[in-house]
Amino acid sequence: MTVPYKRLNKDDAVVLLVDHQTGLISLVQDFTPNEFKNNVLALADCAKFFNLPTILTTSFETGPNGPLVPELKAMFPDAPYIARPGQINAWDNEDFVKAIKATGRKQIIIAGVVTDVCVAFPTLCALEEGFDVFVVTDASGTFNDVVQKAAWARMTAAGAQLMNWFSVACELQGDWRNDMEGLANLLSQRIPNYRNLMNSYSAFTAK
Amino acid sequence: MTVPYKRLNKDDAVVLLVDHQTGLISLVQDFTPNEFKNNVLALADCAKFFNLPTILTTSFETGPNGPLVPELKAMFPDAPYIARPGQINAWDNEDFVKAIKATGRKQIIIAGVVTDVCVAFPTLCALEEGFDVFVVTDASGTFNDVVQKAAWARMTAAGAQLMNWFSVACELQGDWRNDMEGLANLLSQRIPNYRNLMNSYSAFTAK
Amino acid sequence: MTVPYKRLNKDDAVVLLVDHQTGLISLVQDFTPNEFKNNVLALADCAKFFNLPTILTTSFETGPNGPLVPELKAMFPDAPYIARPGQINAWDNEDFVKAIKATGRKQIIIAGVVTDVCVAFPTLCALEEGFDVFVVTDASGTFNDVVQKAAWARMTAAGAQLMNWFSVACELQGDWRNDMEGLANLLSQRIPNYRNLMNSYSAFTAK
Amino acid sequence: MTVPYKRLNKDDAVVLLVDHQTGLISLVQDFTPNEFKNNVLALADCAKFFNLPTILTTSFETGPNGPLVPELKAMFPDAPYIARPGQINAWDNEDFVKAIKATGRKQIIIAGVVTDVCVAFPTLCALEEGFDVFVVTDASGTFNDVVQKAAWARMTAAGAQLMNWFSVACELQGDWRNDMEGLANLLSQRIPNYRNLMNSYSAFTAK
Amino acid sequence: MTVPYKRLNKDDAVVLLVDHQTGLISLVQDFTPNEFKNNVLALADCAKFFNLPTILTTSFETGPNGPLVPELKAMFPDAPYIARPGQINAWDNEDFVKAIKATGRKQIIIAGVVTDVCVAFPTLCALEEGFDVFVVTDASGTFNDVVQKAAWARMTAAGAQLMNWFSVACELQGDWRNDMEGLANLLSQRIPNYRNLMNSYSAFTAK
Amino acid sequence: MTVPYKRLNKDDAVVLLVDHQTGLISLVQDFTPNEFKNNVLALADCAKFFNLPTILTTSFETGPNGPLVPELKAMFPDAPYIARPGQINAWDNEDFVKAIKATGRKQIIIAGVVTDVCVAFPTLCALEEGFDVFVVTDASGTFNDVVQKAAWARMTAAGAQLMNWFSVACELQGDWRNDMEGLANLLSQRIPNYRNLMNSYSAFTAK
Amino acid sequence: MTVPYKRLNKDDAVVLLVDHQTGLISLVQDFTPNEFKNNVLALADCAKFFNLPTILTTSFETGPNGPLVPELKAMFPDAPYIARPGQINAWDNEDFVKAIKATGRKQIIIAGVVTDVCVAFPTLCALEEGFDVFVVTDASGTFNDVVQKAAWARMTAAGAQLMNWFSVACELQGDWRNDMEGLANLLSQRIPNYRNLMNSYSAFTAK
Amino acid sequence: MTVPYKRLNKDDAVVLLVDHQTGLISLVQDFTPNEFKNNVLALADCAKFFNLPTILTTSFETGPNGPLVPELKAMFPDAPYIARPGQINAWDNEDFVKAIKATGRKQIIIAGVVTDVCVAFPTLCALEEGFDVFVVTDASGTFNDVVQKAAWARMTAAGAQLMNWFSVACELQGDWRNDMEGLANLLSQRIPNYRNLMNSYSAFTAK
C-alpha cells in the first residue's frame, strides 16, 4: 500500500512540449488565452531555470496548425526539435522517443495542445514503457471542461500524476535556499499576486 | 503496474449508438442542444470515415421517446438496428449483444442518451464480459452535471476509458498521412475553429 | 480485472433515507431547493414503486435539526424509523444496523443530508462489512460543490458506486414491460420534460 | 411615455454583417465556437429567407484577420461587399454607408466581430443619424462576458434594441401562415430541439 | 422625476399565459426543467388565489409545438383560451386583445415561452397602448442567458417592469392578514425552504 | 443632463434593515450563507460607526419567519423596532414610515430579505415620496440570480442607486483622516484580504 | 432623441489611473490576477501609444494599500502623480482635479481599484461637472460580480459610458492606417490569440 | 476488498496547519476570502475543541509570504511552531516531522496554502511513511479550480482521504452526547444557517 512517493527530481526529469502551435492554440477553450499563454511560458521558464533537458515537437507545422509559438523556439534554441511528418501521437515518432531516451531520464514532465490527444496519447505510451509521467494540467489545453476532465480520468487511471506548473517548480526546487532569487524572479514574472507581495514587502522594509 | 496501453484500433473497434432519439434528447441538459447535436454527428462521421461496424439501437421508439434521429438512420442504412421492445439496458437484448459479437471486435466505442443509464449499463456489462470499453463522453448526454460526473465515476471505477469524439478520431487515424484530406474534411465540418484555420491558411498561401 | 458488474436488484436492495429533516435541509446548497426536494421524493417514489424495504432515521429531531420532512413519513408509515438519540453516524446506532440486517439484503441504496457526514459515514461502515453500497448522489445534499466532490472521492475510493435516482429506477426496473404504466407515471411526476413528451405524444396520436 | 413600438419590418430592414472573418473569430470567447457559428449562419439564413438587402464588410482581409468566412460569401454573392482598407468603424467608410443608404431602409439589423468595436461603433453612428438599430446579440461575439455586457450597456444607453436571431426571425415573419414550411425549415436547421419536435411529430402523426 | 409607483393591484390586474406548450418548453434552457415547471405553476397558483382574470393562448397547438401543458388547462377551465391560427405575436390576434380589454384592467402580468418572442412582442405592444406591463421573468423561459438578458433589456427600455412570481404574489397580497392561511399554503407548495420553516415551526411550537 | 451627484452624507442618511430574520434567511440563495452574514453585519457595522439612525423591522416574527437575527438586535438596542403585524411592504406600516420621517433625513440606505419584496417595495414607495434611495445589494438576498437581477432592474428604472456595503462605508467616510483607525478596524473585521494586508504591513514595518 | 455619439478622440482624452496599488489589488476578485494585470497594462499601453495625458493617483501608499504597481510608475515617469493624503474619492483632492483641468480635455478615460469606490466616485463627480466619462471596465477591479454589476448600474444611470481597453484602443485609432505597425505591436503583446494570428500569417505568407 | 474503514479518532489524530500566512493567502482564488477564512478558523476550532495536538509551520515568514495569520498563533500558543528556513515541503524539515512523530499519532489531519504544494507534498510523504492522511479540502486553498482538482487527484491516487472541516468535526465527535453544547457552539459560530436554526428553535420553544 505504501509505495514510495514519486517525487520530481531535477536530475531525472525531462520536459516535453507538444504541439503548442499558433494555429492549434485557437482550439483551446478550457483556459482563457491569457491564462494559457502565461501557464505555458511559466512551464518553459521552469525548464530553463532547472536546466532540464527539453524536447519540442510539432504536428504539421507547415499547414494550418501553424508554427510553434516563437517564444518557445527562442527559449530552447538547442533543444531537440521534432517536426512530425504525420504521426498524431508523438510517441509514434521514433526520433521523438529516441530524443527522450537519449536523456537517460525516467521522469517525464509533459504539456501540450490538445490535452486529450497530444498529451494523453504519449502519456499512455510512456507509462506503458515504465516512465513516470507528470502531466502539467494548466499548460495543456483542449476544447472544453468535459473533454479536459475525461482526459484527466483516462490518464489518471493509467498511473499519470496530475500537476500544475507551480507545483512542478516547487517540487524541483525543494528548498528556497537552493536559489532564492532565481525562483523569486520566476514567480514574480508569472504570478501577479506574488509580484505584488514582493513589491509591497520591498516598499515596507525599505522604510 | 505497467499494463499495456489499450489503444483504439480501427480493425478491432465497433461503435454502439444507443437511444439518440428525438424525444429522449430533450432530457439532455449537460450540453447545449447545438453542442450535443454536433458531437453526436461527429462521432457518427468518425464511424463512417474509419468504416467501423456500427450498431444502432432504440428504446420504445414508437412511444414518447420518439424515433432515432433521422440523420443517424440515414448515415448507417445497413447497420444492425435493434429497436428494443422493452429492455432498458441494451445488453439485456440478445440481438444487440449478438450483433456486437458478430463483428468479432473487442473494443467498444459507446455513446448514448442518457449517460447514466443507456451508456453506463451496457458499459458495465461489456466490461464484465471482457470487452474494452471507450465511452465517448461528449456524445453522451444526461440530466445535469452531477448525474454526468456520478456516471463517469461509476464507469471509470469499473475500468471504462473516458474519451471524446476528437480523441477517438485521432487515436483511430494514428497518422495524418493515412488520409489527410479525409480527416481534414471531417474536422472542418465539426470544429469551427479548425475550419477557420484551414480557410485562413488557404487564403494566405494562395497569394 | 473483470469482476462481475454489481447490478441493483429489487429483491436484494434496501433503501436508507438518512436525516432528511426540515432544519438540516437548510444546510444544503449544492442543489437548489426545488431540485433537491424533487430528487428526494423521486427516490422515495422508487422505493415505493419497487416495494423496497426502506429505513428512515433522524438525528436529534426534537432539536433545531427539525422533524423528518412529513412527506417521507407519510409515504413510509410502517417503515422502521430510528430517531437516533445522539449518534452522528447512523451505523453507530444498533437499531439502525439491526433494521438493515433484518431485511437480509446486501445492496444498500443510501441518500441523506449532509452527504459528507450522514451519507459518507454509514456508507464507509457498510462497505467495510461487505455490503454493496449505491449512493444516490442527487438525493443527497451538502454545503457546496467542493464538499460534495470531496465526499464523493472518499466514498468512491472505498468502493461505493455513485448513482442518481433515475439510474436507480432504471436498473431496478430492468425492462419497461415489467410495469410500463407504473414507471411512466413515476417519471412523469418527477421529470417535467418526460411529462411533456408523454403529453405531446398523447395529443398527436389521438388525432 | 408611450412611444410607438419599433417593430422590425421586412420591407424596411437591412442586414449588416461586419467582420465575420476566419482570423478574427478566434478572438470570440463569449460563445463556444459551435454556438457562434450556428448563430451567425442562422442570422444569414434569416436575411436570405426574408429577402433582406444584406451588406458584407471586412477589415483588412488580406492580413491576419483573414477572409470573410466562405459560407457568408457564398450565401450573398451579389451583396455589396466592402473590404475596408483601414477604417475600424465601418461607418467611417463612405462606401459602406452609401450602400446602406442606397437601400432606402431605416431599420438596421447588425451583427459582427467583435461586439464592442465592429458592432458598437457603427451602431452608435447609425443611431446618431436617426436609424433604428437592432443588435443581434447572439451573432456578435467578443472577448468575454465582461466586455460583452459593457458593450451592451453602451449601445442600450444610446437607444439600440438588443435582440437575438430567433426573435429577429419571428418579428419579421409575423404570422406563421406567411410561409410556414419555409420558416419551419429554417428553424429545423438551426435549433436542434425544434428539429426533434418536428421529427417526433411526423413520426407520431404518421401512424 | 418622482412618478407614482406602479403597484400591482388585484382589482386591476390580468394574467396572460402565453404558449406554455408541451413541445415549445423543450426549447427553454435558461432554467432547469424542474425550476421552470415550479415557477409557471406558482404563477398560475397566484392567478387562482387572487382571482385574477387569466387568459390562455397557444401557438399552433396542433403541430410540433404541442398542446398547452394540461395543468394550466385544468386550473383555468373557464378562462378565455385563444389557440392562435398563426400569429406569432399574440397581440396581433384580435381575439386575444379583445379578451384582455374585456376585463377592463390596465395592469398586465405576463409570462410565456419563449421570453424574447412570445413574451417580449405582446409586452412591447401593450406598453405602446398604455398598459402597465409586469413581466414575470422566472415563469418565462428561453434558449440561454444571453437571449434572456437581451430580451430583458429590450423590454425594460420600453418601460416594462421585471418581476418574479413571488414578488407578484406579495405585491398583490399586500398584507398577510388578508388571508394568511391561503398565502401560506401557496408558498408552502412552491418554496421548499418555506415549507420546511413551517414544518419546523409547527413541530417546535406543538411541544 | 448634468444633475448633481447624489452622494451619501452621514448627516442626512438613515439605515433601514428589513426582515433579516432567522427563518427568512434560509430563502436566500444568491449569496453563500457566510458571505451574506458577513455583508449584513458589515453594513450594520457601518451604521454604528457613522452613528446613523437605524430602523429595524420584521415580518411576523412570531411565526415561521423567525426572530430578527440576534446580532442586529444586540447592536441597535435603542433603535426603533417595528414588528409588523402583517404588512408585507414595510412602507405600508405607519410606524415604520413615521420612524423614518422622524429622523428628518432624506437619504435612505436599505437592505433586507428578500430583495425583490422586502427591499424593492419600500424602495419604490420611498422614491415616489422623493427620498433618495441607496440599495445595499450585497446585504440584501433572495432566491436566485434571475430574481436578483430582475429586482435590480425594477429598482434602477425607478431611480434607486445600487451600492454595496463597502462603497457605502467609503462614501460616508469621505476622507480616511476623519477616523483612520476606526475605519481600518471595521474593514479588518469584514474583509479578510484587507486584514492580511494590515498584518503583513505591521510585521514588515516592525522590523 | 438622436444625440450626437460621444466618440473618444485622442486630442480630447485624458487617462486617469486610480489606486492600482500592490496591496489593494489583492482585493480584486472579479478578474483572475493574470487577466487583470494584462488589462491594466494594456490600457497603459494605449495611453502611451496615443500620447494621452495620463494622471496617476494613489491612496495612502505608505500604508497597507502599498505602492503603485511599479510598471505604471515606470511607464509614466513624467505624469502628474498625486499621492492622496486621505481623500477616498480622488475628485475630492484639489491637485487631482487641477491636473485634469490643466489638460484642457473633456473626455475622461478612467480605470482603478476598486470599481465601486475609486472608479465610481470620481466618475460621478466628473459627470456632474460636465465631463464625458468612459469607464474602462476590464481595467477596473473589485470584490465580486455583484459589486461590479451594481457599480456599473450606478455609473451608467449617471451617464457614464462603459468600455473596455480594446474598444478604447480601436476608437482612438480610428483607422488602422494611422499607424498599423504600432497598433499591431500593442495588440500582439496583450491579446495572445491576435499574436497567434499574426505569427501564423507571417509563417504562411513567407512561403 | 473490504479493508477496514479508516475513521478519525480523537485519540490518534494530529492536526497540521501549513503556511496559512498573511501574504500567501492572497494567492488563494478557489474560495472567496470570507469562505476561506471561515473554513480555516473552523478547522482550528475543531483542533481546540477535541484537544488535538496541533502543529504550526510557516515558509519564510520574514519575507513577502508574511507571518502566520495572528488568529492561529493566538489559538495555539503552546503548539510546536516550525518556521521553516527554506524547505518548501514541510516534511523535508526534520523538526516538523519530529514534532509529528512525538505525538505518537498515526492519523494526520492536514490543511494549508497552497493545496498543490504545501498540502500535497507532505501528504504524499506521510502516506509513504504509513500515516493515514485526511486532507481538509475546504481549509486548503490554491490558484484556481483546475489546480485544486489536479492536486486532489494526485493525493487521492496516493491514498489520501479527502474531507472537509465539518466532516472532520462530526467524525471526531461521534456522538452528540459527548458534548452537545460544545459542538453546537462551534457549529453556530461557523455555519450561519445552523445558527439560524438554533435561534429559531430557541425562539419557538421559549413560547
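Each chain carries a letter (A, B, C, D, E, F, G and H) given by its place in the written order, and its residues are counted from 1.
The working rule: a residue touches a chain if its C-beta (ideal position, glycine included) is under 8 Å from a C-beta of that chain, and two chains touch if they have at least 3 such contacts.
Since this is a predicted model, take the numbers as computed values, not measurements.
A.B. asks: Using the touch definition from the top, list the chains contacting both subunit A and subunit F.
C.D. replies: Both-contact set = G, H.
A.B. asks: Comparing centres built from CA atoms, which chain ends up most distant from subunit H?
C.D. replies: D
A.B. asks: With chain centres taken as the means of their Cα atoms, state the distance from subunit B to subunit E in Å.
C.D. replies: Each chain reduced to its C-alpha mean, subunit B and subunit E end up 41 Å apart.
A.B. asks: Just curious, how far off is subunit H from subunit D if you go by their C-alpha centres, in Å?
C.D. replies: Taking the mean C-alpha position of each chain, the two centres sit 54 Å apart.
A.B. asks: Nearest whole angstrom, what separates the Cα centre of subunit E from the Cα centre of subunit H?
C.D. replies: 49
A.B. asks: Name the residues of subunit D that each touch 2 or more other chains.
C.D. replies: Where subunit D meets two or more other chains at a single residue, that happens at 23, 26, 32-33, 66, 144, 149, 191, 193, 196-197, 200-201, 204, 207.
A.B. asks: Please list, in label order, each pair of chains that touches.
C.D. replies: In this structure, the chains touch in these pairs: A-B, A-D, A-F, A-G, A-H, B-C, B-D, B-E, B-G, C-D, C-E, C-F, C-H, D-E, D-G, E-F, E-H, F-G, F-H, G-H.
A.B. asks: Give the list of subunit B residues in touch with subunit G in this complex.
C.D. replies: Checking each residue of subunit B against subunit G gives 197, 200-201, 204-205, 207.
A.B. asks: Hey, which residues of subunit C end up touching subunit H in the complex?
C.D. replies: Residues of subunit C touching subunit H: 23, 26-27, 59-60, 63-66, 85-89, 92, 114, 116-117, 120-121, 124-125, 127-130, 143-144, 146-147, 149-151, 153-154, 157-159.
A.B. asks: In their complex, what parts of subunit A are in touch with subunit H?
C.D. replies: 1-5, 7, 30-31, 137-138, 148-149, 152, 156, 161-164, 166-167, 170-171, 173-178, 180, 191, 193-194, 196-198, 200-201
A.B. asks: Residue numbers of subunit H touching subunit F in their complex, please.
C.D. replies: Those residues of subunit H that touch subunit F are 22-23, 25-26, 32-38, 62, 66-67, 69-70, 191-193, 195-197, 199-200, 203-204, 207.
A.B. asks: Can you check the complex and tell me which residues of subunit E touch subunit B?
C.D. replies: 26, 29, 32-33, 144
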